[in-house]
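Across the two complexes that follow, subunit A remains constant while its partner is subunit B and subsequently subunit C.
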Partner chain A sequence: MSASHSRRQHDWRGVVAPLLFVALWQVAASAGWVNTKLIVSPLAVLQAGWQEITANGFAHALAASLARDLAGFVLGSLAGIAFGVLLGLSRWADRLLGPTFHTLRQISLFAWIPLISIWLGYTDQARVLFIAVAAFYPVVLSTHEGIRSVNKAQFEVAQVYGFSRWQRLVRLVLPAASPQILTGLNLALIYAWLATIGAEFLLPSFDATGVGATVIRGRAAFRVDVIIVGMLVIGLTGYALNRLAQRLEDRLLIWRGPAH
Partner chain B sequence: MAHAATLDIRNLGKLYPVSGEPKPVLENISLSIKPGEFVSIVGASGCGKSTLLRLIIGLEQDYQGEIVLDGQRIIGTSLNRGIVFQEHRLFPWLTVEQNVGLGLLNSDQSPAQRKKAIQEHIDLVGLKGFETAYPYQLSGGMGQRVAIARALVNRPEVLLLDEPFGALDALTRNYLQQELQRIWEQEGITMILVTHDVEEAVYLGDRIVVMQPRPGRIKRIVDVPLARPRDRGSYEFAAIKEDVLQEFGDGKLAADLSVRRPDPVSAGEWHFAW
Partner chain C sequence: MLTQQPLLPLPTAPEPVAARPARRWQWRWPVGERVLIALVFPLGLLLLWALAARNEWVAPQILPSPATVLAALSELAQSGDLTRNALVSFWRVIDGFALGAVLGLLLGIGFGLSSLFRDYVYPLFKAIAQVPVLGWLPFLILLLGMEEALKVVLVAKAVMVPVAINTDQGIRSVPAQYLEVARIYGFSRWQLLTRVILPGALPGIWNGVRYGLTNAWLALVAVELLASSEGLGFLIVYGRQLYQLDVVLAAVVIIGGVGFVLDKLLSLIEQRLLRWRRDAF
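Moving on, here comes the complex of A and B:
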């Protein structure tokens, strides 16, 4: 109990380093130690951020990125859990599909881009598919591992109480594997957000908005302030998503007790 | 009150493959257990006493001879046979009441009946107030109580206990033995206890089946004609305990304590698949 309590309290020490850095950065820019075309001041970044939000529909761009991220994450995770369960429960499926899976996952995610763009064009479907592929792998691996580690003695309990196959899956296998599955989902959430920005860079189209697209626009216009605004928002969003996921995981795994 | 079962074991034998060759772990076991009787089975490690329980519960198959419960040959597991293992084997992600509820998962009772039965059995094992606790919050003894409630909640005809208190400290063990006796009297069902603790066997059993190893067979059956609750310090109690211990006197017990019996779960490279 006390462990989860103290985790909930914020430790503000983590903010000290960035604040010092920003202060130094501001001083360097104001004092003219650096070329302010390449290294704009924090104040200019703030102004650019404000302008992006008020005039350029930045909230809309962020929402578009998040929607893609979540769509890809959900698709990839569900497919990943299903495939991981199949590999984990059926030795036959593991023998048949395992080697193919382990070979395919050696292919860099970025190598999928040309194929995806040829199939689906520079569309949102293509971006979501790319994100889903990114989320898929960690979920498959962790689900597989979680299911293999289910205690055999507990299967005997299921047998004694006459569990059906479905009951074994939803009342024993999935809950028993849930710690590993949730670890995989956490990882998938990180990968999906990285892939979201990657997809906006590598599968761009003039009508697609997004935080990644905003950064590209900043590059095209030689607006370092806009680039930095985009980067900051990407980082903070990823951080917020993972904090949220961590909270949810702690809540779901409360049965493991404070030792974990 | 649950209907108590008659269990008839006739010429039971069981072979296990040991390094490729089938070796007998049980040979020529015959035992008839009356409804509501409490039978203790004692024996050294490797005498097949746990295998015998696993055959009766239906977790092991492929035996010779017959195991007949109320005239019906045992095939596989069934809700009218309950078991408590040496480890509680609770599902850690479920609360106490949810774990007990597993015993009713496939019963045909209404939700209201289930709720009532679950509460009754939590009360029966003395865990009122712990309904929403998770297993990590329970002591070893409390975990075994939950396991007993889970095994009894569907009112089985026979309850099998596989060294249920073996991993507990002496004080908790004594206390749970009293509790088990109270539950047995209250529920009136047939119970079969496998143990390596002779005192536990004498304290609880109407009869004590003494087994000997390689191959596992019945050496002797000792009656315990003492009134309950039994006084562990009495002369009669000590005499019966001594009598049973004499059966191990030929040195086989000490020699066999170091021999690990084949682990039935890993023995057959068992895997969950469909």
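Moving on, here comes the complex of A and C:
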């Protein structure tokens, strides 16, 4: 359809609705139609945002959140790829562990938090572990999926050439499954960011820094402007992470050529 | 020997039509054998857990014995706490899901059919979708308080986003030829929508609905953990605060059970709903 074509030309259209919304919000706040303690005007939010960013170590908090996010993501993804490869390559592992995995997967992610908090306390390890669990599931699923879709004929060729097990894994299976694995990693990144915020909300501690922790403090102090700034930063960071991952994925899969 | 094609990912799934003549010994107990193998690991884990609790390798406050958890479960069930809280959670999911699915469907149809609507609304939608459910929570608590509305709205948001995106994609993936044929047959706009576009987009829409339900359950538990005085999530918080890990584990088991049932239910509906599609394969 011509949507993409017309969208390029009329990019400004998308801005109309948000701008109207913000304008209405500003008018409502400054005309006193709403409780301004609850609904802070956009200008105040902007001001608070500037203040937070320049003065109160917001960058520090964001860096702490990102570090946590990344640590959990890397741990969870590595474990997920390993487990996914195991399930995909060994029928016995799949039969023994697969059903348990698929059952555990049904437990809502956040239900793990109280258990993790009892086992590890309200520490950074607990937060990173939770983020890792969040990243683990999608990576396992997609790795498993990717490996099962490896072409059988190629596999036979590898056998004919006398590839060792390790060579088959590294030269054939993993590259062939890489598109799906990357999709899973992409998904894992989204979940990891959600889990980062969740971990900071649900596993709070006094010395914790992070965007989520800042928001929670803003809520405790009834600072709506801080909360909204925090929300915006959370959204923008998530968006930036996704874009980055997408770019990376396109780059990494360039060898596949313009097949589609 | 590495095997590339495990028969089926799930042991409980029905056997595929026996196209290939299976070896007899495998054919006779296909499900039973699978289930037994699948049970080895969890049973082993259970045994280890029981042993660990019995010999007090870990403090009982940190890991209560399976028997204690079972006792807590039956006590919760008998006192009615379990059913009450589970029902509360259940209705919250249903309400939020219904609201979110309808909104998402309408938005998705709008995006898919009208490029004008898309141009104006999609960026705003994208911005809302970009902030995860938990990011909205503190703001919505201030706006809506801790009442039911908060839970329903958050669950609805969690459902709306995947349903809208998948509906949109589903609609745009309907082959143009179908639309042309419909035009030749002189379909009205309504007929085009209900007879061609929506059925064609159904697999995509369904995908969105499944994602939505999983998300709804995820979001609800998170909200109940943070801001609730009833529900399964609250049960966990309550147990955690009293350091009654048996209650926590019992609630986790139930939450897993509900998630499992929801998933199975959806795949059953899917088989019915998309049955007409199977014929093509």
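Couple of notes before you dig in:
The rule we apply is simple: the second predicted complex is superposed on the first by the 236 of 260 C-alpha atoms of A that agree within 3 Å, B and C clash if a C-alpha of one lies under 4 Å from a C-alpha of the other, contacts with A are read in each partner's own complex, and residues count from 1 in each chain.
As a working rule, contacts are C-beta pairs under 8 Å (C-beta built on N, C-alpha and C of every residue); 3 or more make two chains touch, one makes a residue touch a chain.
This is a predicted model, so every value here is computed, not measured.
Residue contacts after overlaying the shared chain place A:251 against neither subunit B nor subunit C. A count of residues in subunit A touched by subunit B and by subunit C gives the higher number to C. By the touch criterion stated above, A:227 is placed in contact with subunit C alone, subunit B being left untouched. In the superposition on chain A, A:218 makes contact with subunit C only, not with subunit B. When the two complexes are overlaid on their common chain A, residue A:89 makes contact with subunit B and with subunit C alike.
Legend: residue contacts after superposition of the two complexes on their common chain; A:172 is shown touching subunit B, with no touch to subunit C. In the superposed model, A:117 makes contact with subunit C only, not with subunit B. With both structures placed on the common chain, the touch criterion links A:155 to subunit B and to subunit C. In the superposition on chain A, the residues of subunit A contacted by subunit B and by subunit C overlap at 89-91, 150, 152, 155, 165, 168. Every residue of subunit A that touches subunit B in the complex is listed here, in rising order: 89-92, 150, 152-157, 159-165, 167-168, 171-172, 175-176, 178, 254-257, 259.
Partner subunit C is touched in their complex by these residues of subunit A: 1-3, 6-7, 10, 13-18, 21, 38-39, 89-91, 94-100, 102-104, 106-115, 117-119, 144, 148, 150, 152, 155, 165, 168, 193-194, 197-198, 201-202, 212, 215-216, 218-219, 222, 224, 227-228, 230-232, 234-236, 238-239. Listing the residues of subunit C that touch subunit A in their complex gives 2-6, 9-12, 34, 37-38, 40-42, 45, 61-62, 115, 118-124, 127, 130-139, 141-143, 172, 217-218, 220-222, 225-226, 233, 236-237, 239-240, 243, 245, 248-249, 251-252, 255-257, 259-260, 263. If you check the complex, the residues on subunit B that touch subunit A are 57, 59, 77-79, 82-83, 85, 87, 89, 91-94, 102-103, 105-106, 134-137, 265-266, 270-274.
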